[in-house]
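In the two complexes that follow, chain A is the common piece, with chain B as its partner first and chain C second.
Our next item is the complex of A and B:
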C-alpha cells in the first residue's frame, strides 16, 4: 500500500512537468501554428508561382506549360519589340502607357488627395457628409468605374452629347476614341476612383498632427502656406509612403479598368503590361512570352519599390 | 423449374441493373452560349438528350466571352477533370488533341457517316491524326452584307456586285445623310471585314494562299496592298464614333435604320430575328461584293474529351445528337448559322439561311470553302491575333500606309509562326 502511495507521489511531479512544458511550448508555438497555413499558402502561391513563372519564361510553352528549357527567345522577342516604335508594337505601347499612367495616376492622386484633405481639415461644416462622398468611389469595382466612365466619356452618349443638346455644339471631347489620348481617360477614371481614398489617408494623418506645433508656428508668424510647406507636409511623410505603395500597386495591377473602359483602345492603344500578359498567355497561346512579360513587370516593381522602401524605412541618424 | 427461372430472371435483371449503374447518365458541358437566342438554341439539344435519359449539366463559367471559358477549360484539363465536351473553336481543338486529352469518336463517326456529310474543310479541325475528336455544331460564314431594306429603298440602291458598286452604294447613302457603314472598331470586327475585302480583291486562290497557307509572297504582294487600300476606302464611310463599339450595337444601327449596311458574319442575323425583322422585307442579306460563290467560314465545335469509360456512353449520345439532322436544322434555324453537314434539308430556314446552305454546298464542292483568319480558322491563334493587330493598327492610324501595312503583316506573321 505504502509503496503504491510513494510511487504515486514520485510519479506526479514527473508527469506534471512535461504537461506544463507541453502547454507552455504550445503557447509559445501558438502564433506560429496559427500563422503556418497562411505562411505556407503565401510561400507556394506567391513565391512558388513567381519561380514557376520565371521558369516558364525560359521554355517554349505555348498553349500548355512545357518544361523543357529552350533559352531566352521570349526575352529576345520582347527586347526587339521594346524598340519597335513605328508602328508601335503592342509591347512598346504597353510599357509607355505604364509610364504615362503610373506617373500621372500616382502624382495626381497624391496631389489631389492632399489638397482635398487640407480643405476638409479647415473645420468646415458638413465634413461628415462630404468625407464619405469622396470616399465612396473606392467601394466600386474597377469594372463598374470603367463602364460608367466609358458611357460618360463616349462622344455619342455622354458628356459631349449632353453639352451638344444643351447648345454648346462646338464642344469636342473624344479622347476615349483617340489612339493618342485614350490612356489619359484611363488616368481620369483611375484618379476619380482612388483620390478620395488617398484623401482619407491624408486626413487621418492631418488629424494626428499635434495642434501645439501649429500654434507655435503661427505665433512665430508663419503664413498658412509656410505652415503647410515647412511643417505639415514634412510631418505627413509616413502617409506619403503608405499612399505611394497603395497607388503603385493599384497602378501596376490595373487590368480590368482598361478592359472595361476601352476594351483595349483603338488598335490596342490603351494596353498596359498586364493586358499584354493576359493576351499573350491565354488568348495567343504564347505562354513563354506572357511569362517573360510578367517577369519584367515584377523586376520593374522591385526596381522602383525596393530602393524607395529602403530609403524610407532605414534608421535615420538623430 | 419455376425457382430456377425466378433466380435466372433475378440475376439477369440484377446484371442489367449493374450494367446500367456503371454508366453516368449525365453530360457535362462547358460553353459560353448564354445570351437569349443562343441559350434557346442549346435548349433544343438539352431536350433531345433528355429524351434519351441523359441529364444536362452546365459547367459554370464566370464572365461572358469565350476567353473566360477557355481559361476555365485549361484549368480543368490541367487538373485532369475533363468535361464531357466543351464548345471550342478551330485550332484550340487541335492544340488539345496534340496534348492527348481528346477522346475518339471514330466509331460513331463511321456509323453515322460523318465523313461524307461534314465538309472536308471542317474535318481539318474535327479530325486529328485520323481520329474524330470533335463534333461540329454549325457553320458560320463571315462574308455577308446586312442591309436595312427601308434605307436601301430610300436611296434607290441595288445589290452591289463588285467592290466599286459597293463604294458607289456607300456614296449614295452618305449623300442621303445616313451613316453608310456600321462598324465596331474592335480588332476582330475590323479583321473579319478585312477577310472579306481580301477575298473580294484577290479572289479565292489568293485568299487561300495568303490567309490559309500564309504564303509570304502573297502576303507582301501588290494584291494585298490593294486590299489594304480598299479597306482604307471602306473605313472612310464609318461614323466618327465607331472605335470600341460592340458588334451587336453596330447591327442595331442597321436595324434601326441609322446606318445602311454592316459587314458581319451570319450571327448578326440573330439580332435581326430578336428585333422581329424578316429577311427580304425588313433587311437584305447579300454576299460581300465580289465574293459570291466562295464562303469564308468559322464553326462552333463540341470538343470531346477523353473521359473515363463510364461516361463514354453519354459522350457518344451527345455527339450523335449534335450531328443528327433534326438537331442541326432546329439549332441552326435559331442560331442564324447553317448546318455542319451538307445533307440537311433547308425547309425550315429563312431566305438567308437557304442561301447560306446552298452557298456552303457549292463552296464545298467547288473547293472555295476557306477558314476565316480573323475568326481563328485560317491559322493558329498567335498568327491570327498578330494579323488582327496589324489590321486594327491600320484602321486606327498607327500604321499609316498600305505599304507599311504589308511589311508589318509579313513581319508580324513570321514572328508569330
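Our next item is the complex of A and C:
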C-alpha cells in the first residue's frame, strides 16, 4: 500500500502496467502452483522412492542400505529360491501362498458377492437390514478381523471346541495351526471381510440394469436362471472387471491379515510376498532381497493396474 | 412387480412353488447374515465374560454374569509390550495421527480436484494419471526409502533440538505418520474430488471468473459450499483407511510411545508372556474397531460410496 502511494507521485502508468501483468501472470499460474506440491510429493515419494527401491535391489544392502551396485544377486537368489521346495524356501512358500490365496480369495469373493447380490435383488423385505450386515466387515481393520477369526478358528477355544460341546466330538478343525492349511484360514477371513463389499458392487450393477430388458426376457418365457445367465451376468461384465481389480490389488497388498491371524503361521507357512518383504528387509537384514521382492510385487500390480487405468483414462476425454 | 409382468408363469408355477422359493431365498440370506455376524458376536460376548466362563463355557453362549472388567482392563491396565497402562494411550495416538492426516489430505484433494477439472492445462490428464497410479502401488515398494528418509529427518531434528531448541516435529513418530498418510492419501482424495467436480457445471465457474472472482474466491464461494457430500465421503474413506492402517504404523512407529492402535492391539494379542486373557484381548479389539464401526453405522451410505468411488472410477 505505502509503496503504491509513494510511487503515485511520478511513475504511475509505467509501474502499474508491469505490476498488473505480474499479478495476472501469477493468477494464471496459480492453479498450477496449487497443484504443484501434491504433484511434486507424488513424483518424489512415489516414483522417486520406487526407483530408489529398484536401485537398492541391485546392491548388496544388508542391515543398512549400500549404494554400490553389485548386480542382480538378489534376484538370482529369489529365482533360486523359487524352485527350492525341499525344504520349501520362504520365497517359495510366499509365492505359492500368493497363488492359492489370490485365486481362492478373488474367485470366492466374486462368486459369493454375485450370489448374495442376486439373492438380495429378489425384492427382499429387510434388505435395508441385511445389506449393512454383509458389508460391515469392510469397516474393520485387518488386525481386528484377524483377532476375531484367530479366536473363532482356535481349536481349543473356538468352533471345534463349541461343536465338541454340542456333542460332535469327532469334529476336527485345526487349520490355523497346520502349516499346510493355514493359508486357507487367511482365505476364510479375507473372504469374510471383502465379499460384502463385492456384493454391494454387484448389487449397484444389478440396480443399474434397464428393467425393460428384464421384462422383455420374462415375457419371452425365459426362466429366472436363464435370465441371469444369458442377460444379467453378461451385462455385469464391467463390474466383474472392477471387482477383480479391487480384489487383486487387496490380495497382493495383504500383509496385516496374515500377521494378525496367524503371526506368519508355523515356521512362516502363511507368509505372502508382502510378509516376506517386511521380514527380509526389517528383521533378517537382507535389504537387497527384500527390495527385490518389493519390486516383483510392484511389477505384478503394474501388470494388472496399468492396462486398466489406461483404458479408464483413455475413454474419459469427450 | 414380477406378479404383474409374469402372469402366465404365476398361474402355471403355482403359489406353493413361489412360497418355497421365497423360503429358500430368505433362509440363505439369513444363513449368510449369521456368517458375517458370528465373529463380531463372539468377540462381543467374549469381551463381557470372565476367564473362568471362557475356559469352561461355550463360545457362543451369552455371558452368565456380564462384567465390564475386561473392557476396563483393556483400556487402562493391560500390557502392551513392557508397559502396562492399557491401550488408552495408543487410542489417543491414533486420534492424534488420524485427525490431521485426514484434514490435510482431504483439503489437498479438494484443491487438486478443483484445479484438475476447472483449470485444465496441457498435461493435466498425465498429472492425474500419475497421481492416480500412486494409489495402487504396493506400499512395500516405498517402505524402505521412506524409513531411510524419516530416519535422517529424525537425526536432523535431534541436531535442531540441540542447536535451536526445537525439532519442529522432525523425528516425532506421530508427525511422521501424518506425513506418510498425507503423501500416500492424496492420490485417493484427488481422485474423489476430481470425479465429483467433473460433474460440477463449469459455466458457474466461468461466470464467476467473468465477474472478476479470483481462483480462491471461486473455490471458497462456489465449489466448497457445493462439496458437502464428497467431503463426507472422502473424510470417511480416509478416516477408515488411516485408522486401520497397520503396515506404515508398524514400520515407522512399531515400537515406542507413538504406536497407533492397530499395532498396540497386535502386540496385546500376540504377547507371549503370562496367561492369555482372551476377554481382555477381545475388549481391546472391540475398542480398536469401535471408531470405524461407529462411522459405518452413522454414515454407512457415504462409506459405501467412498469404497465404490475408490474402486470403480478411474
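The rule is short, and it goes like this: the second predicted complex is superposed on the first by the 267 of 318 C-alpha atoms of A that agree within 3 Å, B and C clash if a C-alpha of one lies under 4 Å from a C-alpha of the other, contacts with A are read in each partner's own complex, and residues count from 1 in each chain.
As a working rule, a residue touches a chain if its C-beta (ideal position, glycine included) is under 8 Å from a C-beta of that chain, and two chains touch if they have at least 3 such contacts.
Quick caveat: nothing in here was measured; it's all calculated off a predicted structure.
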Superpose on chain A as described above, then tell me if chain B and chain C fit or clash. clash
I'd like to know which partner A:87 touches here: chain B for first, chain C for second, both or neither. first
What's your read, chain B or chain C touching more residues of chain A? C
For A:179, decide between first (touching chain B), second (touching chain C), both and neither. first
Touching partner for A:259 - first (chain B), second (chain C), both, neither: second
Just to be sure I read the superposition right, which of the two partners does A:197 touch: chain B = first, chain C = second, or both, or neither? second
Between chain B (first) and chain C (second), which does A:283 come into contact with in this model arrangement: first, second, both, or neither? first
Check the residue A:162 against both partner chains and state whether it touches chain B (first), chain C (second), both, or neither. second
Applying the stated clash rule to the superposed structures, which of 99-107, 153-161 or 207-215 from chain C runs into chain B? 153-161
Shared contact residues on chain A - chain B and chain C: 263, 282
Note: in the complex, chain A contacts chain B through residues 62-64, 77, 87-88, 90, 154-156, 174, 176-177, 179, 262-269, 279, 282-286
Under the touch definition given earlier, write down the residues of chain C that touch chain A in their complex. 1-2, 5-6, 8-9, 25-26, 28-29, 32-33, 35-40, 42-43, 46, 54, 58-60, 108, 111-112, 115-116, 119, 121, 125, 127-134, 136-146, 148, 183-184, 186-187, 190, 214-216, 240, 243-247, 251, 262, 265-266, 269-270, 278, 281-282, 285, 288-289, 292-293, 295-297, 300, 303-304, 307-308, 311-314
Provide the residue numbers of chain B that touch chain A in the complex, in ascending order. 67, 70-71, 74, 78, 92, 95-96, 99, 185-187, 240-241, 243-244, 380-382, 385-386, 389, 392-393, 395-400, 404, 408, 415-416
Within the complex, chain C is touched by chain A residues 27, 30-32, 34-35, 37-39, 41-43, 45-50, 52-53, 56, 65, 116, 119-120, 122-124, 130, 132-145, 147-152, 157-159, 161-162, 165, 192, 196-197, 200-201, 204, 215, 218-219, 221, 239, 242-243, 245-246, 249, 252-253, 255-256, 259-260, 263, 274, 277-278, 281-282, 287, 290-291, 293-295, 297-298, 301, 305-306, 308-309, 312-313, 316-317
